[in-house]
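The structure appears below as structure tokens.
Letters are used for the chains, namely A, B and C, taken in the order the chains are written, and counting of residues starts over at 1 for each.
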Amino acid sequence: MTSLKLANLSKRFGGVVASENVNIEVPAGKIIGLIGPNGAGKTTIVNMITGMLPVSGGTIQVGDVDITHAPAHEICRSGLARTFQNIRLLGEASVLDNVMIGLHRHETSSTLSALLGLPASGRETAALKIRAMKLLADFDLTEFADYPAGGLSYGHQRKVEMARAVATNPDFILLDEPIAGMNNVESDALAEIFLGFARDGKGVLLIEHNVRFVAKLCSHVYVLDGGRLISEGTPEHVLSDPAVITAYLGGEDA
Amino acid sequence: MLAQQLLNGLVVSGVYALFSLGFTLVFGIQRILNLAHGAVFMTGAMVAYYTVEGGGPLWLGFALAIIASGCLSVLVEITCFRRLRKTGDEEFGGVVSSIGAGLVITTIAQQISSTQILRFPFETFPVVIFRFWGLRVSMLQLFMAGAALVMVLILGYLFYKTAFGRRVRAVTDNERAATLMGINPNKVYMQTYFMAGALAGAAGVLVGLAFNSISFVMGEPYMMFGFAIIILGGLGSIPGALLASVVFGMVQTLTIAYLPSGLTDTIIFAALFLILLVRPNGLLGREDAGNLGGRR
Amino acid sequence: MSNFFAGYLPLFDLYCIHIGLALSQFIVLRAGVFSLATAAFTGIGAYTAGILAVDFGAHPVLGVICGTLAGMLVATVLSIPLARLRGVYQAIATVAFIQICLSLNIYAEGLTGGALGLNNIPKTVGTGTLVIFAALATYLIWAIERGRIGRAFNTIRQDEAVAASLGISIRKHQMLAFAISGALAGLFGGLEAYHSYAIDPRQFGFHLLITILSYVIFGGRNSVIGPLAGAAFLIILPELARPLAENRMVIYGVMLILVINFMPKGVADTTIDAIKARRLKAKLRKAEAEARS
């Protein structure tokens, strides 16, 4: 069984240590949580995994593939998709177009046929449209297909982003604070979607502030503070860990 | 000989400094590359010329040039850039808008001057040459260097030692936060653009006097030099622009003196190109010239 | 009657050539590359074709092919260093490049004729050829836009981080955009050379840069129709009235300011978007009505 493994991951900016000795494993079919107070270094980890930030030490592996130093666009090809904290959809493109771009990774028509508009390219575009529409149907977004994505409600935009991430057919999905700013109804709907990912055999790394949400969904949770892992285990274990409580609420001298 | 060329170079640097400071100031505060800056520079020269040609004294021409260029610069800001700040498209839109503004200004100038090359009447600036230590320096050169120095010092004082300067720096750092502190960004921008334009206009007059040749296209080469200088110094950095002006002025004077002509331009732009490749942040810049983050 | 059209033929020829250049500018902007170097590539294509004809008596087809290849090659090479830059830095670099080409052109008098330009190029390209190439270029860009490369360009332009996270190689695609842009510019530069007896360096400097940019800004940067409409409008406009022609540059300048401020998407694209929005609304209204009944 494959998993996404971060081994001894560390990041230094000059003399400042942003992350150190981070060891995280996300097995296929499981939802793993990563929590921590503000400034703990979660974003740094995300950026390192997705190739936006160079790694100072340690390794990142998707299954057998070492993606530690892979450029950003190759990360997707190794089977890892991500969503963004601040929903980066292409606002003016239609919802359908947004999801279609997610299918880019699977396009096989040659550059030449794409350049010259040869029939092969046209056929592929048509096939992609059908696949994209199916994905929209899976996420209950069919009615919005032609809308400019920027005009949708926040909750719907999140779903479009999920659809786009799923379109890349990933083995692992990295969710960067997906329910920020949502009410319980909306976040419950997303929770169902995430459980669906796990059922499909994908490994999910959920980075969230909402500790209750994480506790509900995740089988294993890691806690980050000051760039280091201060606790890990089942949600119950982690939430009652005094080190974690201190990190979130401040120590005795606070 | 070398010392003479170095002296000449220093004078030229002063003029470049006046031109480039305004250029980099606007970029630093708004991330807008104002391609109409060269036209404002040219306007300064023209205003001074027509004042003198109409019988006015040179000092009046100088003063009017500075005021007119400053006002023109503010006009450009209001008509071309203000709206773009709201839509957030300053980078691309600013370039396009300022190209348009520059076009309008130079074409109007072309009509006014009937596409002629204008020359100041003889002895507008007294021709006096001083000699010392084997060097030869004209009163005009002294005036140019002096004027440039004085204006740079005034700018420096305004920028670093007054409340106004603090406001400018606040708005540069974070416009919204500055607004919350009660600073009116529009006013600050207008004042900054006025200063930038005034400096450019002054540079225009000095160049007009030095080469005694004023035309509606005189701003174009200076725009290119300006690019090179502010890139070299770092976009948005005032000390950088100063340093780069000196380097540039020296290098240009020396290459003209010692290398075959016609090659100077190529060398300058090739150097600009190389700088962009190797160190786009320039000597003292703090911008991030290449990033993988989203454009917004 | 035929005299009426004959009078406008040179204008039409100009339009055909400038369509190619506008499309060359269009495609790089589509991919998020802030390059203004089309004018330089055009000059390279024109001079390559011209020199081959005048100095080597080459066949026009060979000349045009070499012009296209020269433009494409230089653009591809240029894209490598430019890949590390973004935004205004890219723009400045490409403008510096135009200036370098101009200066080198004038300096290499022996080869290019310097400031006096290249003369006596056989006029072998007529309106028919220009129309065919203009149509082909339009088809090429239209096909690219509809296919996966166009989608990738679009994504890169709007959000590089998203593009990368979806597996799109930004470097490869931007190099491709440069190559296409250079090829188109080189091609139409070559056609221009064989169409107009003589070329001189000033033709491929800032004037051309501003003209081409105006087409794309005015018409729109979003759909293929944009550059076509923009070029048509801006070429016809000065012909409508004397005062317009005499003040062409001022009008271009004012237009650039107005369009980028008030209709940043360009006239043609804003219109297209409005039509699309209206259609969407109508569809919605119909769906609601059906749901109610």
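Side notes on the structure shown:
Please note the rule applied: contacts are C-beta pairs under 8 Å (C-beta built on N, C-alpha and C of every residue); 3 or more make two chains touch, one makes a residue touch a chain.
Quick caveat: nothing in here was measured; it's all calculated off a predicted structure.
Two chains share more touching C-beta pairs than any other pair, namely B-C. When chain centres are taken as C-alpha averages, the shortest distance to the whole-protein C-alpha average belongs to C. Centre-to-centre, using mean CA coordinates, chain B is 31 Å away from chain C.
Annotation: 48 Å between the Cα-based centres of chain A and chain B. If you average the Cα atoms of chain A and of chain C, the two centres end up 39 Å apart. With touch defined as above, residues shared between interfaces to two or more other chains in chain C number as follows: 158-159, 161-162, 164, 170. Counting only residues that touch two or more partner chains, chain B has 292-294.
Among the residues of chain A, those in touch with two or more other chains are 52, 72, 88. Here chain C touches chain B in the complex through residues 32, 34, 81, 84-89, 91-93, 95-97, 99-100, 103-104, 106-107, 157-162, 164, 170, 206, 210, 213, 217, 247, 249-250, 252-257, 260-262, 264, going by the rule given at the top. Those residues of chain C that touch chain A in the shared complex are 139-140, 142-144, 146-149, 151-152, 154-155, 158-159, 161-170, 176, 180, 280, 283.
Put simply, chain A touches chain C in their complex at residues 50-52, 71-77, 81-82, 84, 88, 90-93, 97, 100-102, 104-105, 107, 109, 111, 113-117, 121-122, 124-125, 146-147, 164, 168. Contact residues of chain B toward chain C in the complex are 31, 33, 79-80, 83-84, 87, 89, 91-93, 95-97, 99-104, 106-108, 220, 224, 227-228, 231, 235, 262-263, 265-266, 269-270, 272-273, 276-277, 280, 289-296.
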